[in-house]
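Listed after this line are the structures, all set down as structure tokens.
Each of the two complexes below includes chain A, the first together with chain B, the second together with chain C.
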Partner chain A sequence: MRPLTLWRYEMRRAGWAAFLGPPIALVLGIMAALANPQPSDPTTARILLGALEMAIPLAAAVACSSLVGRDPARELQLASPTPYRVTLLRRMIVTLGWTAAVAVPAAVVLIATGWWARWPENHGAFAGQLTWLAPTVGLSGLAFAAGAVFRSPGAAGALVTSVWAIQQFFAGSAQAHLPGRLLYLFATTRGAAPGDWTANRLTLLGAGAALIVFALVLLGRSERLIGEEDE
Partner chain B sequence: MKDLLPAYAAGSLSGPDRDRVRAHLADCPRCRADLASWQAIAVAAAPAAAPPDPASLVRTVLSRSTIEPIVRRPPRRVRHLVALVAAEARLIRPAAPIASALVMALGAGLVLLRTTAGADLMLSLIAPIVAAAGVAGTYRSRRDPAAELLAATPTSGRLLLLVRIALVFGYDLVLALGASAVLTATGAAGADGLNELVGAWLGPMALLSSISLLIAVFLGPDAALGAAVGLWAVRVLAGGVLIPDDWLAWSIIGVWSTNAPVLVASAVLATVAVAISGRGEPHGGGRATHPM
Partner chain C sequence: MTTFVASLRYEFRMQVRKRTVWIVPALTLVLFVLIGGSLLRDLFDPGERPVDPRTAVVGLAVQLHALLSIGFGCLLADRLIRDDRLRVASILDATPASPRARLLGKYVGAGAATAIPVAVAYFGFAAAYAVDTGEPRALGWALAAFGAVFVPGLLFVAAFALAAPLVMPAPLFRVLFVGYWLWGNVVSPDMMPTLARTLVHPLGGYPLAALFDFHGIDGQEAWAGPIPGATLNALRPDPTPALAWLSIALLLIIAAAVLAGGHALRARRVR
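Entry: the complex of A and B
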């Protein structure tokens, strides 16, 4: 199979949630900015960056939570020479790649129109891309690992959404101690301790990568993937 | 010798003749075959056993009915329903209820450890999305290992869906009630009583779950999960960064609260979903007459 054909196949298998989630999240964020009754520059800029930091990572994570556990060709995949976890990793790359394809142009437009610079905590055009990249990788890694552990998209999706919602509502409690500050998802638009932002972003990236590796190790035990029929 | 076989089969032959026939039968397979036929005729023609005496029969039955206890079995319909619930419970993978319990325990644990404030807020955040995510997976799709078997069963698809919803939603309801009771009993809920705590999550849980079910019936489990997460994210963001604290935020919060209109709307949505689920074939399933 040619590589392009293979990647196109994996894009189809990643599902509609992966394809539609990030653009819908971005559109909702833009609509929220347009509906903002206080159109002062920093407030609207914060909403627009919030769409990148809050909405897009959640959409990507929910798509990643559906990767494990809902493949009707799972037994066929397990019988093929390519390890199934490599296939799932490929689908995750497709999902995150599509998320980046939505987020990067949106960020470029915000930078070009000046909205990016109007939020005081923007951290520049290049490093500032960690605004959406770090929470996307961190939350998607958690979703992928939860999917590998529970093998239930619903359970993994509920866990990820709960963590996201708890961090939204209990921002003060989540940042009360160093580990909480380093793992806080919304450090750009909801504030971080001075000097913590870079460490926070790198920690989220590292935690996401570690969770993906954990999920891949778990998915290497193929008997876990086909055992559900006996339950 | 053949003339003696009928009498031998009937057992009416005298001693010497009977011994002679028996000795002959030992060496003659053909006569043994004939004898088998005669014996079958003799059994069929034998007089039936004498009928029991009606008076003693009635007396025996009446006395036995007074001595032996009456075994009362549940009605057939109830037994059928219990069997259905047991069968559906076996089809639910243990990972999903375990994950629901873990997420609920995470929320209750954070409140108990005093790391966050507001038991009502915590439960109102977690309980609805846990239930809606569970309900999103209840409707059959072709990815369900038992989908073909269930499509072939004579039991109504609506009844099967109702039973599964009752199991999944009922389990999450019990989990949320348990967490509310624990937080109230330990004083972590502050001044809030059990009623206030339940009121914080019951309406949103019912509404989000019914919307999730309706979308699952129309578009499948992935779309239902995505829609439930999206709707809940909008609720969480109301009054926050993306949706400032104004009339729009308060309208959104008003929709996600416990009151009679919300509960009635949830019941109507769930009823519509169950009614629609019985029409046609499950979403995503290839039709029985799908051309090869």
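Entry: the complex of A and C
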């Protein structure tokens, strides 16, 4: 099979949630910003950037948490010349690529309309793209790893959404110490220490990459994928 | 009735034996303790914990309900569509067992099993607190808070978790659900229009304010009632015990309606 055909196939196999999740999350975030009954520029700008930093990573990560454990004929996948973990990685790349295709134009619109600059902690147009990229990679890495460990989209999705929610509900406590600040997903819009922003973004990217590698190592043990499974 | 009980027992046992039903809340609690600043730690610190045992255990109920209900909803989201995915739905439909009774059994059985780790965590911490402080009343308040705050909220979540994946992919439901949970429970009403602190508040604002006289751990928060300048204030009358019961009833009515909608949708598809 030609590689391009393979990519096209994996695009379809990534699922409707991967396709619909990021745009729906973004639109809901923008609606929340524009529905603000007492509009003041920084607050609206903060919610708009929040749509990129909070909603987009959540949608991408939940889609990534659903990649492992969905194929009905895993034995066939495991017997094919393309290693199954490469297939899953390809689906993850497709999911994250689509997420970027939604997030970048949204960021460009925010920059062009001036909303980006109205949030004081915006970190510029280029480095500022880490606003959505770093939490997306970090949380999606966790999601992929949780999927590889649990082999159940429900459990992996539950864990990822719970981690996201803890950081939302307890933003202050989550950032009370340095490790918590470095791993905080929403450092642009709810960050406690603006000086830690760059370190935070790089840590999230690094943690995401490490978790993806961990997941790939785990997925290499094919007997785990055909053994007992959590239905 | 037999179908309902049989379905309930089977779904309960199947769900309660799933390791992930226990691992997910356990990992969430570990993370919760690790970040610090939560009541889980403060409850056992004489310098930090609330003086009143009622405030302590009701505050614990709010924190655990806010957090563990997310995993609860996400774990239940594949239960109804699972029958279709495993291609057993049509076989089950061909049996004389009523689909309505099977759905109800699944709802109560799988919901109760997924709620067991939540209850174990809540009552475990409440009992440890009662022993640590020598305040057995705390357990009574914990029971009352579980019945009035957790149960209606979890029944509300479970209905959506079973029925919503019939009309959208389960992962998309998980994204929308956690977004809703944050928006409809925690977001401040003066920031954007939200159902938080209205009569339709699965975190239990009205029961907390009117039945438990709970105003936050520091006594400074409003959990129900109108907010100056906020939209949807028509749904935020001043809290009274009658309105607290109405709020609970509303959650249960919505849950029943959603479940009935899910049943009707499945019945139409089968035809």
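Observations
Keep in mind that, in the parts below, the second predicted complex is superposed on the first by the 226 of 231 C-alpha atoms of A that agree within 3 Å, B and C clash if a C-alpha of one lies under 4 Å from a C-alpha of the other, contacts with A are read in each partner's own complex, and residues count from 1 in each chain.
Assume a residue touches a chain if its C-beta (ideal position, glycine included) is under 8 Å from a C-beta of that chain, and two chains touch if they have at least 3 such contacts.
Everything numeric in this text was worked out from a predicted model, so none of it was measured.
In the three-chain model built by superposing on chain A, chain B clashes with chain C.
In the superposed model, A:111 makes contact with neither chain B nor chain C. Of the two partner chains placed around the shared chain by superposition, chain B is the only one that A:51 touches, whereas chain C remains out of contact. Of the two partner chains placed by the overlay, chain B and chain C both lie in contact with A:173. By the touch criterion stated above, A:157 is placed in contact with chain B and with chain C alike.
Of the two partner chains placed around the shared chain by superposition, chain B and chain C are both touched by A:66.
Residue contacts after overlaying the shared chain place A:11 against neither chain B nor chain C. In the superposed model, A:189 makes contact with chain B only, not with chain C.
In the superposition on the C-alpha atoms of chain A, the part of chain A touched by chain B in one complex and by chain C in the other spans residues 15-17, 20-21, 24-25, 28, 32, 35-38, 43, 47, 55, 58-59, 62-63, 65-66, 150, 152-155, 157-159, 161-162, 164-166, 168-170, 173, 176, 231.
Contact residues on chain B toward chain A in their complex (touch as defined above): 90, 93-96, 98-100, 102-103, 106-107, 110, 115-117, 121-122, 125-126, 129-130, 132-134, 136-137, 142-143, 145, 221-223, 225-226, 229-230, 232-234, 236-237, 240-244, 246, 248.
By the touch criterion given at the top, residues 18-20, 23-24, 27-28, 31-32, 35-38, 66-68, 70-71, 74-75, 77-78, 82, 86, 169-172, 174-179, 181-183, 186, 190-193, 229-231 of chain C touch chain A in their complex. Against chain C, the residues of chain A that register as touching in their complex are 15-18, 20-21, 24-25, 28, 32-33, 35-38, 43, 47, 55, 58-59, 62-63, 65-66, 150, 152-155, 157-159, 161-166, 168-170, 172-174, 176-177, 180, 230-231. Here chain A touches chain B in the complex through residues 15-17, 20-21, 24-25, 28-29, 32, 35-38, 43, 46-47, 50-51, 54-55, 58-59, 62-63, 65-66, 70-72, 146, 149-159, 161-162, 164-166, 168-170, 173, 176, 186, 189-190, 228-229, 231, going by the rule given at the top.
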